[in-house]
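First chain written, first letter: the chains are A, B and C, and each begins at residue 1.
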Amino acid sequence: MSSNINRKKVMKKGIIRFIDIFKENKMGVLGFYIIVFFLLVAFVGPLIYSYNPQEFAKGGLIAPPTKGFPLGTDDMGRSILGALIYGAKVSLMIGIFATLISVFIGTFIGIVSGFAGGKFDSVLMRITDGFMVLPKLPLIMILAALLGSSTRNIIIVLGLTGWTGTTRLVRSQTLSVKQRPFIERAVSVGAGKGYIMFRHILPNVFPLVFSNTILVAAGAILTETTLSFLGLGNPLVPSWGQILRGAFTSGAVSIGAWWYFVPAGLCVILLVLGFTLLGYSFDEILNPKLRRY
Amino acid sequence: MKKLCLFLALMLLVALPMTAYNSEKLVLRIGIIQEPDTTSPFIATLAAFNVIDVRVYDNLIEYDDNLHPVGGLAEDWSVSEDGLVWTFNLREGIKWSDGEDFNADDVVWTYTALIEGEYPQSVQLTGITKCEKVDEYTVKLYTEAPKADMESIRVDIVPEHIYSNKSLEDLHTFAEDSPVGTGPFKLVEWKQGQFLKFEANENYFKGAPHIDEIVYVIFANADTLMLALKNGEIDAVTSIASNQVEMLEQNPNIEVVKALGRNFQELGFNCWDSPESKGNPLVLDPKIRLACDYAIDKEQIVEIALTGLGTPGTSLIPPSVGDWHWDPSDEKHNYDPEKAKQILEEAGYIDTDGDSIREDSEGNKLDFRFAVISSYGEAYVKASLIIQKNLQDIGINTNITTMDGGAQSDLIYSQNFDTDMYIWGWSAELDPSLKLSVVLTEQIGKRSDCFWSNEDYDELYKIQVSQVDREERLETVHEMQRIVYEEAPYIILYYPDAVEAYRTDKFEGWTRVPEGIGNSISQVNKSTFLSIRPK
Amino acid sequence: MNLSYLSKKLSHSIITLFIVITINFFLFRVIPGDPFAMIAKAGTLSAEYKEELSTLYGFNGSLPIQYVKYLRQLFTFDFGLSFKYRKPVLEILGNRLMATLLLAFFAQLFAIILGTVIGTLSAAFRGKKIDVAALGFALFIYAIPAFWLGIVLLSFFSVKLGILPLNGMVVAGLSHPTTWAYIKDVVHHLVLPVFSMGLAICGGYAIIMRGSLLDVLTEDYITTARAKGLKRKDIVIKHALPNAMLPMVTIIAINLGFMVSGAIQTETVFSWPGIGRLVYEALMARDYPVLQGAFLIISLTVIIANFIADIFYGYLDPRIKYE
């Protein structure tokens, strides 16, 4: 159908234009580079610097940086630099997968609720409110403690608790898209509800979802780090949060072992910053009111 | 902007240091992380309860600084010819902290409640059938069989005039805010999460303490606990993170006390020989467990998981408890991976398919599930990682799942023991009976967490419980430990040291119990607290 | 004030509360495991004792019956007994809640003021160096985990400089001679935790403030004001800011949930005896009644705060006021 071909052309044009604008946005570009940097560290790093979490006490316990250990050792005598590199992948993976789950749930509920309207919408929104009002970290803590702290469970728990913000956002966007004439036309022509939601509403909601996703990812990474710090993460897998936990429980602060708690913290800050910069830059570009043009 | 500056200025003003201490009173400040759960001896299950009960209550018989029984509330005692009737002569003139007189009624009430009901301290009274008042200051205890550990049990005596109208059910929830006791200190204030404050009892029957108050300050983490000790905000701590020891030892005003701990941590196996068990049946083979004992590098575990503050483990009763501990000497299972492999080979476990995991003759792999508690601190997890590697090296594969204590308890007791190996720990009493009982057949599903069953062992236990002759009892107890060592339902990993620290610039009179080698603060008697005085 | 708006918001709050109560109830019944497993390890539990405990804590009977019983208890403010302390949950929560509210209130205040200032500066001088610095600072702060910030501040102010206390709400065990001395002691201990938690939260506020203000600054009436020749400072503070504050109010209310997470971290680092730390301890001890109670209280606080925010919003937003 010609409208399909047109559609693809329009989308392509839109994407190219977006990238052009994006390149001008210094904040976004910086964020982008930061994320790329960590992706490289996570996937290329292990090929360059080898780290075996089973090699204990190679360099003394909580030892300061020396020749073989550029960032010192942790409380089991393993290289902290190694843990940072290998931990990058873990932190990224948990953050991204948890986010995907959250955003999927949030978008789904948001669109369905917004589109359906009426009593159904009311009920769903009250339930969403209920979840939003529940103290998030304690809820996550409890679920993590009780279901067990495997990496998979953490992803699920983070995913199942992070959707409320997305839902509200998508729903309000759906409400405004719903008013637009082409939706009315589609309904009058007899298009099915699912078709409308998927083919018409979703693409219009998508840009907002996209920038929101990135911000949710930033939050997920922060939350995972906090969870691990509180001792509810998976201690068998090196993540940045685990490194910080090791620093905290071994009293690194009081003995001045800065190499134990500073680098890991900075990594978390930097990565989250990267996502946040990227997310807000998208927000700036896509939100017409924030743009200067 | 101006408002902001004002706000900041206000904050800075307030940040000026305060005079922290009330200089007229002599206050001993001790830092702790774990606070007690309650004030009642009928409810308390946490070890931290000793913060309260050693200060506030007394027992009939106490320990002296060399762990020998001496009279507490009882002046002296004797036992009948047949060993079934104990007579205690109580001290006269002791007063409760609310002024009432202490006498036999209190002892009778306390013991009777513990015998008839089910409370944490009741387990020490197994075998005692009745407690009877003879006169104001004499009581008799009747037992079914001679009770070898009668002089070692510690039962807090509570005031009958406060408890008499409480039913056995009430005792599960009744707890005084400021418990009335005979002890050297009174608990006067407890702000949960913050501190416990004790005041000295001038009329204590063994002499008034030389300080006015004790404050136990509760900290949320080891770091701030340590820092507070360093800068003098507190005078002592009951435990320190192992890697802080070195830094503290270098401080001229701080004394670090390393005592042999009375705990042990073990690698436990699912020894439940029953169709209901969800454990891997291969673990039931004692040869596999024995091989594990040779394969595990306990020295390295102590080095890394305890930063060297401990002793590699051998038998069930820790050495700190005295000669009850059996030293395997030339029968010791040293760290010998080659020997471990040999044992497995001879037992028929060979790796036939080259995946570095051994199988038995039917092709079942030595692939076990390993439950590890991650909420008790880091030592368990670190030990498990080392064990995993050690076992990997001899061809046994383990899959670690971390969980909290409640989840592991659940796994074993409520889910048909749905795991193969786990790490747990016990703290040992000065009398070996209770610890020996944890691997009895009759304790399966109760105190036993490995569900092991050995008839010879059970027999020997029944014998030692009534062996009043110490020499004979030592032999029996040693033989029992030998059986456990060879069959290995538990592999004792290590005995962690109890490490405490205190400042030497404000107070003196810190003792050690047992003399010279034991604890200075968490003692089995009130030694330090009665001798401590300002410098 | 618009009555229909008020009643609508009130009914929403009540329904939300009810949903929270229900979720709360099921959360702790549906999780795997024997609730008394923790107590079991410490001693031996006979079947009768377990029965007794079940009755004591409301765990027997079918699920619907337990639910009804639970609701009835709530109406009489009976939150049950703590597993660990064997004291009424409400009593335990009460003490700790005050401590957290104290910390959270001042931290929020600090965060709102700081966030507003930074966000305003950033939006008003958009594109200039101030904007970059302010926005950069806000984003950086936003990315810092609250506990990490706490540790860094603690090691600097308490350890290195030694001017602020290390832990607790007051000097432990000290009998304060006067109420004023007590207040001074608390404030002295509040400084660092408030600063730490406030800083951690303000990043988000600054960013929202900036966005909201930018939104407003592109409106027509602002352009008109500019054309009229009003000074930039006047425009921003007198015309734009009041309107930009509106979304902030809603965000602040929603953020209360996050505040709890911040509180847990801050309280753990500074040994502050609040409800956040209590949740953590109760979790480790598997003290379900306390967890359940804490959950409920925290959610209730958030619902109430949201409701108050809604009232404020209804009062400030002329669109609703004059409906």
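Definition applied: a contact is a pair of C-beta atoms (placed from the backbone, for glycine too) under 8 Å apart; a residue touches a chain by one contact, two chains touch by 3 or more.
Fair warning: this is a prediction, and the values are worked out from it, not measured in the lab.
Novice: Per the definition at the top, count C-beta pairs in contact and tell me whether A-C or A-B has more.
Specialist: Spelling it out, more C-beta pairs touch across A-C than across the other pair.
Novice: If we define chain centres by averaging CA atoms, which chain lands farthest from chain B? Would you check?
Specialist: Chain A.
Novice: Counting in whole Å, what is the centre-to-centre distance of chain B and chain C, each centre being its mean C-alpha position?
Specialist: A distance of 38 Å separates the two centres.
Novice: Averaged over CA atoms, how far is the centre of chain A from the centre of chain C? Could you give it in whole Å?
Specialist: Each chain's C-alpha centroid was found; their separation is 23 Å.
Novice: How many angstrom lie between the CA centroids of chain A and chain B, rounded to a whole number?
Specialist: Averaging C-alpha atoms per chain gives centres 44 Å apart.
Novice: I need the residues of chain C touching at least two other chains; which ones are they?
Specialist: 32-33, 151, 154, 159, 268 - these are the residues of chain C that touch more than one other chain.
Novice: Would you pick out the residues of chain A that each touch at least 2 other chains?
Specialist: Each of 145-146, 248, 253-254 in chain A touches at least two other chains.
Novice: Could you say which residues in chain B touch two or more other chains, in rising order?
Specialist: 221, 223, 227, 375, 404, 407, in rising order.
Novice: Provide the residue numbers of chain A that touch chain C in the complex, in ascending order.
Specialist: 27, 126-127, 129-139, 141-143, 145-147, 218, 222, 225-226, 229-230, 244, 248, 253-254, 261, 265, 268-270, 272-273, 276-277, 280, 283, 289-290
Novice: Where on chain A does chain B make contact in their complex?
Specialist: 53-54, 56-57, 61-62, 75-77, 145-146, 148-150, 231, 234-236, 246, 248-255
Novice: Quick one: in the complex, what on chain B touches chain A?
Specialist: Chain B residues touching chain A: 221-223, 226-227, 230, 240-244, 247, 300, 303-304, 307, 374-375, 377-378, 381-382, 385-386, 388-389, 400-404, 407.
Novice: Within their complex, state which residues of chain C touch chain A.
Specialist: Touching chain A from chain C are residues 12, 15-16, 19-20, 23-24, 27, 31-33, 135, 139-140, 142-148, 151-152, 154-155, 159, 207, 211, 214-215, 218, 254, 257-258, 260-261, 264-265, 268, 279-280, 283, 291, 294-295, 298-299, 302-303, 306.
Novice: Chain C touches which residues of chain B in the complex?
Specialist: Those in contact with chain C are residues 1, 3-4, 7, 11, 14-15, 17-18, 20-22, 27, 29, 37-38, 40, 43, 45-46, 118, 120, 123, 169, 172-173, 175, 189, 191-195, 197, 213, 215, 217-221, 223-224, 227-228, 231, 233, 375, 404-407, 409-410, 413-414, 446-447, 449.
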